[in-house]
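Common to both upcoming complexes is chain A, partnered first by chain B, then by chain C.
Then we have the complex of A and B:
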């Protein structure tokens, strides 16, 4: 019937239409919104959140959840600063340490959940606290910057290497000079990679199977534990990449940064459920979800909405997206069954 | 015969363009068990859902005890006296609460119920309800700790606490063993004697023979036959349901070629007698026995999910001791588990992904999946085993139970194997699909050993070259499927189990 068709159309394209409408509205009413610079600014504002959100999407796919991503990102921020400023290591070394730390945390999370049977929320919540505490211990709770006093009385002589800062600050030429920031490129590359991995590879398909019916997946011989651990490791690595980019942008190991990362990226992944009526975690939706929040905030900022309304707006978007996903899909399910 | 309690006239229901019920006429009389038979997709569940207020009817009318009846929701249906016990038991009970709370749950939600729950009083009333139903469980036990049959009884007892006029039972025996089912039947007898009108939906001929006062057959959304005169003509009922006459399955048992799987002194559980078993190429062996006889345990041991308590297995002559399912699949031993909803179906996936799940590797290069190759293989398999669907990209849950099961079995026929284990492949499957599945299993049996684990003897006889009877983890009998002495077979299934250190002769 036609009402069914409208419902189906709304479920599939409602969110994208809302996004297009939003872009159109801001283009007309917010001066300077419809420009490449503004578009890039939006991308830049969501790049780090988006990368974390793509990681959390992988854990959502295996029916898990990773609460530790925010603290993994800030740990990577502090670790890279510590490696370069205090230990005076090279940029490559610092990045490698961060990635290994992310993978290691993911591995521990995965083992806690798979081997020790700790529920995912609790295991990653514990890990979150552990990391928030751990990243403060080496510097006695202080931020890290060149010239800071160390616990042993000396001063930190090292500094962020230009090669490292390149990741956070360099803008590549694309049509316009100095248009594309490196974090945006990293975000887009990772988004495509995760999308291809989840939607088009055998391993991605197995992860979805595990998330949908773990027992059935195990009974066809799928290595369930290994896949779940892999999902948490991907999540950890993504979070550490986010942390590296944040450090490279800030140029110092700021202890107070990144507090919003967890909630923002989880919101982006959940908003992604509503995109194209997927009603399940998916990389494309997550990227769109991150963009949606970015566009909304940028547009509102350009229309002089005060900064303190931002969280309210994010929350409202999330609630609407969840209604899209769960209420409309359940109506569709009831109509068909 | 009692008076008519519920009358349905020209009931119609459509979902979009899909016309599911095309004018149903049905009468339910008090003190009578009306059995509703119908292949999957005939519209039985839709009819039940209209009756219990889950769906609104599009046309026609219903009366209940003389008054018009058109429930808006399940609560109204229950309040009017139409109570339904659904197929999946756990919809009817709350497993973490005790029996008493479960029995009295509806009372707790009544308007006027006090703020605090008085446990002693609750238990006393629950015990009264339980006694009235002939239940002997301790009302303080947690429902999750009870066996399936008891949980089912609790669900029904809960329904009966409302003193309903009409009780609808949707395939209540689908997960019960014969002994458990018999307890359920005596409960139904008791309710019938109390004057309740019972609508009983089932595929199982043994249930139907035991209970039916009247048989109503549905096919393609319409009533295709009503049988009310004793003695009931079961064969005509099956024919009315299927639209063609039930043909006797005649199997010429095959001997089988070289041994594929040899079990020597296999002990299913500690303290049980060891089992020697040889499965040969090309033969289909049915393993039958009651719930708890060790059928599933045997399958799990062969598939690497459990370790035997003793003994060894050889696959094609080489020692075989799989560590897990993965190792078993790699060795060419496949298992289609029972309870497909819990153990096999990936609800979020479409038909193609569900069917190719175990062998995604064969459809991908460098891990990238080839949808075209998936589509070709699945399309061919869908045609071969006769899955009724619009396209292989349909969601698996859009299919009827029988078609879902065909997909689950087709999954394991994509790649050749040495041993194919099918645990209850006919569970929740209509007779038409059951025939299709059975025929296909036999047609493809060359080149492997096939083991079918079924509780129903009928199903075993329908499919097997050889039937093996398990009884409490011990081998109780072995028959070539030709002129079987049914009495002896049934005695082996239900009789006392062979004990350790006793010679088991078949």
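Then we have the complex of A and C:
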């Protein structure tokens, strides 16, 4: 009886306790870790992968997977740079184009999976390669920056508008002056929005139902196809928002495959399974998962740990989280039954 | 693959035409334009540096009236070796090996030499006396940047260092940093960090924020790769320290020039070799060998120091203007002969 209770407690709060322990450890041993500014830049370092991870979470909820988010993000990065620097469009237009591109990619992913019955991993894998190539075609593989030479011999005259850069660089006053970066605000707003959507709206619950048993959901009349496509479209839009924030922070259109963005955000979403013993994709867990990885990496960097130990630690956290999710939760299930 | 080769072929054939008039004064085999075939066998191709290098190779080949074929293995070491054999089968007269691994390329390069083909190698050591090495001196890139840091800050300062071991050019730049640290005990390395997770600038910015927070005494950041420098600059700006920290780096691009010229930019100097010039030198060295002239075993393209104040004084906004205002950046007087035609400037 009491061992059951300990197990339950460990499953529910183990990860959060680990997180608190980590914060305590770094506060004592890493110089400068315990300050509001540190807290903010840790949030900033996870904001972009966190937003992508929230998108992935939506596809995981419908029992799908989206491998294309990383390349959607870098495509949005290139597209926004192209729109402003080469086509000399306004910030609003650039953002609109990126969001439409993200939604469009999500729609195609969804249609491939639902209508053409392509398995989700394969469809989004194809999309990933397609986008990595596509984003480089307009500039022939070059990064985009003001003053770059164009294929017709002229130079690009446009520039990133201040309104656009505001999204990546502005810091709002909160208690301290210039404390809170806009990407963090965007991340928090999206996290709450996705959490409310998945847990408290009819659509969100329908998505969970489809994810746990698609046939049953279809038999009771749920629009399975439409909800699945919607999940991929949310994922695409989230990824393009991540790309916009990335572009605004970098201030140029960098060539990048986005593979690391993909891996980091998937890791965050999977770690999220373990938070509060949910054992399923959930928005709150994903946000905590992203934060967990961010705290670890920033703390280790402050202690001068080299980059390969950081990859190792990321992997270790993921493995532990998966053990929490799959082993302990199944034992709890058995105990309760 | 087939279609791409065909496209490249037709492109190369077109490119040959404008060079016709100059051909008369050139020695054999260049007196018959379009007759000499060379192949560029690439290992790395993604990114501004490699794009620009290719542009240099294409421009110099066009000036010489060469029929250039580009074989791109996209970081597949085995495929790159196969592509050398493919080039041999195509009957090319010369091969430029661009990057790659010593282990996989050594034998393939030897086969090409045995087939009577002239070979040069850029930034890869194929351990062959018949094959000259084209290098942009990474050691000098690091050294010149650090000399500038010491000119600005004296021989005692606290530095942060961005480095990822195991990447050949970064390792060679690291040698310069180790030497300078050894020779100047007043220079302390407060932190070393770095990552190649892409987008690199974004990942490095996240790390640099932590490092700056943990080490408030840092006044110099040595980031000998422009993506690193860009990331450090983002972190310095976000921490509001752009007045207090100076960034020294290596490499340059149009985007880098813009970043260095931002008001109050912490990025004060970089050292760079123009990748297009390295491409041109690779082709010129190969051409000299084809014309039967002597070539040094190691051909080094010297780097140029580019400071923020120089960019501001000359009002330089992109790479093209940099080349126009700094002739030493646009053209390296390496592998030059009387008859060598240069690409139009």
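Convention: the second predicted complex is superposed on the first by the 332 of 337 C-alpha atoms of A that agree within 3 Å, B and C clash if a C-alpha of one lies under 4 Å from a C-alpha of the other, contacts with A are read in each partner's own complex, and residues count from 1 in each chain.
In the analysis below, a residue touches a chain if its C-beta (ideal position, glycine included) is under 8 Å from a C-beta of that chain, and two chains touch if they have at least 3 such contacts.
In this text the structure is predicted, and so the values were computed from the model without any measurement.
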item	value
Combined model on chain A where chain B meets chain C, clash or fit	fit
Partner chain(s) touched by A:297 [first = chain B, second = chain C, both, neither]	second
Chain A residues touched by each partner, larger count belonging to chain B or chain C	C
Which superposed partner A:90 touches (first chain B, second chain C, both, neither)	neither
Which of chain B and chain C A:249 touches, first, second, both or neither	second
Which of chain B and chain C A:307 touches, first, second, both or neither	second
Per-pair minimum CA distance [chain C against chain B, superposed on A] in Å	34
Doubly contacted chain A residues - partners chain C and chain B	none
Residues of chain C that touch chain A when the two form their complex	45-48, 51, 164, 191-203, 205-207, 209-211, 213-216, 230, 234, 237-238, 240, 253-255, 257-259, 317-320
Residue numbers on chain A that touch chain B, as the complex places them	1, 4, 196, 200-203, 205-206, 208-209, 211-213, 215-223, 280, 335-336
Complex contacts: residues of chain A adjacent to chain C	30-33, 35, 37-38, 41, 44-45, 48, 74, 77, 140-149, 155, 169, 171, 178, 181, 246, 249-252, 254-261, 297-299, 301-304, 306-307, 310
Sites on chain B touched by chain A in the complex	15-17, 305, 324-326, 328-330, 335, 337, 342-349, 353, 357-358, 360-361, 363-364, 367-369, 398, 411
